[in-house]
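Same chain, two partners: subunit A is paired with subunit B first, then with subunit C.
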Partner chain A sequence: MNEILRTAHALLIKDMKTEFRSREFLGHTFMFALLVIVIFNFAFKINPQNTPELASGILWIAFLFAGTLGLGRSFLIEKENDCIQGLGLSPVDRTAIFIAKFLGNLLFLVIIQVMTIPVFIVLYNLNVMEHFTLQTAVFLLGDIGFMTLGTLIAAMSVNLKAREILLPVLLLPLLVPLLIFAASATSILLTGGEPDAYMGRLKLLAAYDVIFFVVSALVFEYIMDEL
Partner chain B sequence: MKLLEKALKLTDTALVRYGSLGASALLMLVGAYLALVWSPAAAGETAVYRIVYFHVPTAIMAYLGFFVTFAGSFLFLWRKDMLFDRVAKIGAELGVVFCGLMLVTGMIWGKQRWGAWWIWEPRLTTALILLIIYAGYLMLRSTIDNQMTRARYAAVFGIVGFLDVPVVHFAIKMWGSIMHPVVIKSMADPGMPPEMINTLRVCMLAFGVLFAVLFLLRLRVETLALEIAALRSNHEE
Partner chain C sequence: MQATSIICQKVGKKYGDFVALRGVDLAVNEGDFLAIFGPNGAGKTTLLKILCGISRPTSGTATVGESDAHDPEMRKRIGVISHKSYLYDNLTAFENLVFYAEMYGIENREARATELLESVELDLRKNDLVRNFSRGMIQRLSIARALVADPGFIFLDEPFTGLDHHSAVMFQKLLSGLHRQKKTVLMITHDIPLGIAAATRAMILKGGRKVHDERVNGMDAATFLNIYFDKVGT
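Our next item is the complex of A and B:
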């Protein structure tokens, strides 16, 4: 186990270094998330009355779309100069590669959220982080589930001919339950709903994360062997 | 697996192929007669209720197809036998077809009863999401040329997708509930006349046989296609 974590750590540092040297992609994705939020304003005719109701949907859709963009890239950078073959040939546990990619994607999404949410708060004049700890818990648990399945499907789609379209087409239907749990939990916090209902959704999110993390980590080697 | 190979061997005989198709068609006709003519009118329902005799079996066959995909995917990763990959593929194909039929029959009924073709009701919505997931599965297969890669990717997606089924159903149920009629609450007290139950049984059998026949014939076609491809590549060498 220690061995796996050490390898995952090394891989994560490598990915972060390459990402940090260009930094462009993070900026582009942030712009995209921002655009989604701005466009929703025109699509829905947002006013102070309906903002609390619509906010969680807008935020989660912006994050799902921006996150999917980030996922598409996480394995694509390995294709350059056939890095993926080096990764596949190296004598490390496949689970370590999965964990490293998963953590990298998770970090990417969290950074996007940290940048986007303040702008959202200003533009929509609604403090979505009013219950800071509770809301952070929802975002983190939602992100973990999203990036678990996302990493698996992204690894699968990197070799496909139609990868740009297949990644979201394969991933989003699997994420429907996650979106329901997460968006409704966020919504409960914004509209002042029942604390019990909030806890229920949080537990469901956690269960979703555990189930799919275990399964994804187990089946990842079958994907990796074919990359 | 032995049983599957034996059944596949049987389909080499033309008589078995046409005979089973004929038998399935005959059963379907009997089922249609019972459902549309023989079965009594239901209290408080228009004639459109009779679609339930087709709606319920197609729903069961759709879920059966998706389960076959899951089982085939799992067995493929475990046993590394390409036969299971074909089984998984055919399960998804049949599942998508029956799921589509389930949605269409349900929508026709819904238009009468609810006054709308579509209602965002848990069971309908679940079926729609499943249709999209398994259509995605077939799309994934069609974009990969390498046989081994395709089999492995599809198996992984087949397993993850099937695990999502109960979660999707549960989540959507939580998200919003409008009444979907529960036709049979318990087999001990079905709450409808025996004629209706028996009609439903015959229709279930008819669709079950149709599923089995289609499954075997598709498996035969896929197996033959593989053999032809192998022969061709040998010949070119």
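Our next item is the complex of A and C:
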């Protein structure tokens, strides 16, 4: 296990260095998330009464779209000069590659969220982080499930010609349960709903994360064989 | 007598309905330098992918150094140089080598990277990003990357692609050096003169089948070209 974590750490540092030096994607994805929020602000008749109801859906859709954009990037770095082949030739455990890519994508999404949420609070005049710890738990569990499946599907689609289209087409239907649990948990916190209902959603999110993390880590080795 | 280090027995590979390899038998001795020639679609790269453990045969068996190349321990003993560099453009030459050294579990990673950069004469450019390198420099760094774990087997896939004459000659010298170190080398190339000059044995694949295999020590390229066109047609 130590060996897997050591390799995953090295891969993650490598990904962060290359991302930092290319300085392309984080800014563009943040702009995209921002645009989604602004467009929804114009598309719906937002008022103080309906904001708490609509806010969770708008936020999660913005994160889902922006995160999907970032996922496409995570394996494209490895396609450059066929580095994915270089990794495949090395004796590293494939699970380490999965964990590194998952953590990189998760970190990327968390950064986008940290940048987007303050803008959302100002724009919609609604403090979505009022219950900071509880809301952070929802975001983290939602992000983990999203990035677990996203990392797997991004690896599967990286060799496809129409990958930009196929990644969201394959991923988003699988994320529907996660979106329902996460958006409703966020909504319960914003509208002052039942704590039991909130805990129920949180447990469902945790179960979703565990199931898909285990399955994805196991399946990833076979996907690497085909890359 | 030299030990046999690479053995293929009736190796076949199918991609859907397409048959890439049809029962290829091969035995390569330790320290041999085998060049594999053949037209596009002959199955050369497929065979190499099976031998270096990134693809599995549909039928037959392939062993390198007495074990399956899918075995992680075996992978440490195989170095692959391709026309694709497997290098990250946004990392420096040094960072690339240290990264791969880490992937191969090398202890003194930084010392090994420095030593390899000196051996391919890139030590003065160690802190430059790979995206600023010429094709010849990238190929030299690619050799250093492949040698990071000091492998006993070197597999090359079209290594001369995109190299100018000067870089190709320099690359050939580096290959000769590897062969002198008694490493087992297996090279796929379309460049028959360069391939024959470097190899001790040559094999021709056509349509997924082995159609020719002989020792070529001292053979001139023109003689082998005649054999090649006789076997694969013009």
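In the analysis below, the second predicted complex is superposed on the first by the 227 of 227 C-alpha atoms of A that agree within 3 Å, B and C clash if a C-alpha of one lies under 4 Å from a C-alpha of the other, contacts with A are read in each partner's own complex, and residues count from 1 in each chain.
One rule holds in what follows: a contact is a pair of C-beta atoms (placed from the backbone, for glycine too) under 8 Å apart; a residue touches a chain by one contact, two chains touch by 3 or more.
Quick caveat, the model's predicted, so the values are computed rather than measured.
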First (subunit B), second (subunit C), both or neither touched by A:Thr7: second
Partner chain(s) touched by A:Ser22 [first = subunit B, second = subunit C, both, neither]: second
Partner chain in contact with A:Leu170 - subunit B first, subunit C second, else both or neither: first
Partner chain in contact with A:Cys83 - subunit B first, subunit C second, else both or neither: second
First (subunit B), second (subunit C), both or neither touched by A:Asp225: both
Contacts of A:Ala162 with subunit B and subunit C, given as first, second, both or neither: first
Interface residues of subunit A shared between complexes with subunit B and subunit C: 225
Parts of subunit C lying in touch with subunit A, wherever the complex brings them together: 52-56, 72-73, 75-76, 78, 80, 82, 84-91, 95, 99-100, 102-105, 129, 145
Subunit A partner contacts - residues on subunit B that touch it in the complex: 77, 129, 132-133, 136, 139-140, 143-144, 146, 148-149, 152-153, 155-157, 159-161, 163-164, 167-168, 170-172, 174-175
Complex contact set, residues of subunit A against subunit C: 3, 6-7, 10, 14, 17-18, 21-22, 77, 80-83, 85-93, 225
Subunit A to subunit B touching residues, read off their complex: 149, 152-153, 156, 159-162, 166, 169-170, 173-174, 176-177, 180-181, 184, 204, 208, 211-212, 215-216, 219, 222-223, 225-226
